[in-house]
């Protein structure tokens, strides 16, 4: 049988059905892993068919619109990441965690399957209507995934939902507007219609769709829902959501900005008064999205919240890269989608494992776990190096490409902004790994053990991917190029170790080899030179001339970076927060008013008034 | 001639309708409303609609008044609320 | 404030109503349908009273609907009233003059009602008016002497039988004429005679009996309901909100 | 079988019932459902006949249209009749103190509703409308509790005033044109384009709007729904409110298409959506939330009607159909839960099926694809963008903002249902009521077959007024235009 999109969707929905029926079974996690692996295999097999578009036989006629699906290169790229993230999340949940770690493993497996199926539908959309259907399904599936933990997660998910519904409706309004104006909804038809429309119309569409997609991506200033919603989700769910869910917003924005409007048209769209064009506006919004949430991440005291705030910032690099528009920039932005998914998943999985063992993710209540959970430590180390964008991990490659593209295109200010973001990242991931794994072990954690294989397996596997694709970025760039050419950009000249451009090359094979060599020499000197170190007990320690007792721990975690945080003062966030609160209060007031209106007893007067005013209106 | 008859009847109806609203005694208001109906039924006769006139007289002036009066007697609320308040 | 608002809107309504009515063609009304009915009535229905022709023949369904409105209103009222019947209330008997007058009026009202109903297709009047008079014949003595037994059973059967007859006549005409509520299957008869105009007199008879029984039992039911000062009635708390 | 029987049979049964129950008291229990079942069969047969041979016009009593009353056995009328009979049968009230009288009222309601659905004569429509109205006043009071009586009194006052205004409107139309037949009136649009015609439309919207839960004539809705038996609330919110809309639909489609008076309906609808959803957001007990949400949904229908055109009418129909199936099911499911929203915590965990279905149905009300409610909203937006030249953005913005509010309160409830609450495990909560299950099944069937139902609705709308709509057919998107064949890719 030749694998087709139908087979893929059948597998995805079959998995959903299977999980609904058998999700309580202890083998459910294993089953769904197999199914995700199969989906991944089908996707790989689909690769040659992408040039013509892998169409699905699934089709509906509703109200004169035909709904059908077709996978293209861009969607395929995101689909690979989706299925991969789902595979590792399911692996994590398949064993011990799935049995005890959540209120109901059934709910997790079902919602994960639903999310994957919804995302595949979205990614395979061939017109705006199917896109919107997929969009809404993804929103609701995400909501279902977030509410599992109950408690504060419910409130966070509720906030997500309000944002998500509002964004979805903005998309809906734009879709209908396009349908009425353009007479069709097919991506190609819309792209062909776009050049002829007026500037006002273009702004309206860009605003509606930009807000809709931007909310999903937690683009500034619509970022306030995401951190809480992801942070409060259970470990593997957060890993999956953090890795790929909000990238659906990026997918939408790419279709809108690159495919529909086109970067050239963006350049022509001048903002009134300021004189900036729309593309620069988007790029600066991306840059702000990188900087502000990253620095908010700094002050988080909950590890999962810290990671979630980071996730918001990383999205900015992706869009920024693509908007640069050069082969290097687009490849960098898209590669960052892949890279980010790998290390963000690891980080959430590690924190899931830590929470599984210690019951908390609060940074003040952890520390020193390196001796108890060394494998988790290694996984996190790999991942945070990736997140910080340092060699030899994959995050370095994609960020490097974005930086270089920015400089090549003559955008130094944006380059500086991106680097400031990276600085914040380095600071905060240091806080993360220090407060969780380094420092002193707390008394109550002395008895804990490393998590079982079913949990460290996916973590280590993923962190190896982080390393390998950092060592050999050509492997990931193979996938990226499919999306890049599908978006209509020229392919980047790349090889296994990196890329070649007119202004310079990158060969990670060389870089990493040198790095490893250096480390090897250092280790050799250290070992050959007679190991001078001495093993002391963790508590054999003193500060300010006093020995520390077991009761008083010397822990650096509290008020980490206090000085820096005082300096940056998050006034901007307060503004958005106030706005959000204001809208909520206004809704409450209006709601009370409406309720009151319906409770008044003097209805005949209302009726008479309506009649008279109505007559006055129309006569 | 016809115009004057109609005018007088309509004026009677207007006065009656005003009294319905103005009289504090509810039984009185019912009586006033039957008066309106009666004047209306005469008006129908004048306008050469005897069928409607009969219906109006039987139902509007007769039956409705009886039902109202009965209901008032059952509820004992002979006064309007304004009256009770003062 | 509320009264001021009502007054304001009432004036507004009156103003707009005058605007609307001002646009109507008075004196030269485009009464195509009315005109056509006046012209065709005698030929089509044989009823001397054109109003009856309209009510029972041309727009028989409307009349059925109106009849049913009365019926269902009485049913609903009965439902509300009856449920409050906790204690037994009996109002005092009226004085001699009222009693005697009421008893005296009974046969006259009965005959008048019957006449109005039966001659509905010939002269002004008909089922509704006659029915109301018939009802009055029954409830006037009853009001004068509330203690008097009321034939609820008989009324119910008259009501059901009369209403059913009205509809069954309509259904019967399906078999004769092919149309529902076609009243002419008995032929138009001799113009101006009592037995003429097809089934219209029968329909009116059914209608009159139905209306009479309906109104009669409604008044009786309300009269038999307990008053607010009777014991065992709890005033609904929410009543004060209205 | 003549479709007139649909009216005659229930009325006949209603007339006979009070006498019959005096012979045998048990008659009051089985008589009504049996007759409605028979009526349902007849309606289905008549509907099928229309499918086979197309719509028919019936001259009642053999008197041809302008003089006599015309009944239309068309797609709209008979579909509505089938649904009405079905809904009455399924939602037959159980816990009323006076079964026989309630049966009588419901029988009258059924007959009148069927008449209302088919009538093509303005005054006849009014009579049946009034009949339905009086029957529902009775139903609202059937519970017999003090609050229910007060609520139904409020309903009665509003309804009576509204009926008077509607009658005034009809009188204006008759005085202006001299006819009451809808087909004839349809050809007289220029006579009705003056102030008299526009004013008449406004008055009729107000009058019929009382039943259709239009703003601000829907003041009775929360009170009545909060205090009647859940089945009665379900019946009233589900189907009876649609009868009011049905009258407006016929009027607008056949007579008042393009009248400036429709602007009134448009704003009434928009305000209904906004205030209804906001009030539901502020409400504190389940019944009121559902009642207010019903107001909002009917507001959407009113907007769709006011916009008109094929798209608008289909949007109105699909929204009505969606609400018709969803709202009764919601009322019935919620019946098992405590009324106060605060007390809902954890109820969904004890009985997940009902709660999950509740959420699913709520999703359709919100308009989440691919559920039917989404298509309704989509078509509605389509109609707005197509037909409204100025202020379309404002209109869409208001409606979508109200939708966000709608999602907010439904998901506050959902979060509570599945949230933590220990009381849930102790109290014994009954499962999904069988009737609710039937509604849910019908809803799922509609969701799966939206395409086919859409085609049928198109036919329904085309059966309404051939001339104008066939001209405006280009409103509807061409299937070929939306997807450009196979070769299209990013």
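Residue numbering begins at 1 within each chain, and the chains themselves are lettered A, B, C and D in the order written.
Note that a residue touches a chain if its C-beta (ideal position, glycine included) is under 8 Å from a C-beta of that chain, and two chains touch if they have at least 3 such contacts.
All values reported here derive from a predicted model rather than from experimental measurement.
> Using the touch definition from the top, what's the fewest steps needed to get from chain A to chain B?
Minimum step count, chain A to chain B: 2.
> Name the chain pair with more contacting C-beta pairs, choosing from A-C and A-D.
Looking at contacts between chains, A-D has the larger number.
> Taking each chain's centre as the mean of its C-alpha atoms, which one lies nearest the mean of all protein C-alpha atoms here?
D
> Rounded to a whole Å, what is the gap between the Cα centroids of chain A and chain C?
73
> Determine the centre-to-centre distance between chain A and chain D, using the mean Cα coordinates as centres, and give it in whole Å.
Their C-alpha centroids are separated by 44 Å.
> Quick check: how many Å separate the C-alpha centres of chain B and chain C?
From the centre of chain B to the centre of chain C is 18 Å.
> Mind checking the centre-to-centre distance between chain B and chain D? Centres are C-alpha means, answer in whole Å.
Computed from C-alpha means, the inter-chain centre distance equals 38 Å.
> Pull out every residue in chain D that's touching 2 or more other chains.
In chain D, the residues touching two or more other chains are 154, 195, 199.
> Two or more other chains touching the same residue: where does that happen in chain C?
Those would be 16, 19-20, 241-242.
> Which residues of chain D touch chain A in the complex?
154, 157-158, 161-162, 165, 195, 198-199, 202-203, 205-206, 210, 215-222, 260-261, 263-264, 267-268, 274-276, 278-279, 281-283, 292, 295, 314, 363, 366, 368-370, 374-375, 377-379, 381-382, 384-386, 393, 396-397, 400, 403-405, 407-408, 411-412, 415, 418-420, 450-451, 454, 476-479, 481-484, 486-490
> Can you name the residues of chain C that touch chain B in the complex?
Residue positions touching the partner: 49, 51-52, 91, 116, 124-126, 128-129, 132-133, 135-136, 139, 143, 215, 218-219, 222-223, 225-229.
> What residues of chain C sit close enough to touch chain A in their complex?
2, 5-6, 9-10, 12-13, 16, 19-20, 241-242
> What residues on chain A touch chain D, complex-wise?
The contact residues of chain A facing chain D are 52-53, 55, 60-66, 68, 70, 72-75, 126-127, 129, 132-133, 136-137, 140, 143, 147, 150-151, 154-155, 157-158, 161-162, 165-166, 169-170, 172-173, 176-177, 179-181, 183-189, 204, 255, 259, 486-487, 587-588, 590-595, 597-601, 603-604, 606-607, 609-611, 614-615, 617-619.
> In the complex, go through chain C and note every residue touching chain D.
16-17, 19-25, 29-34, 36-37, 40, 44, 57-62, 64-66, 68-69, 71-73, 75-76, 78-80, 82-83, 153, 156-157, 159-161, 163-164, 167-168, 170-171, 173-174, 177-184, 210, 234, 236-239, 241-242
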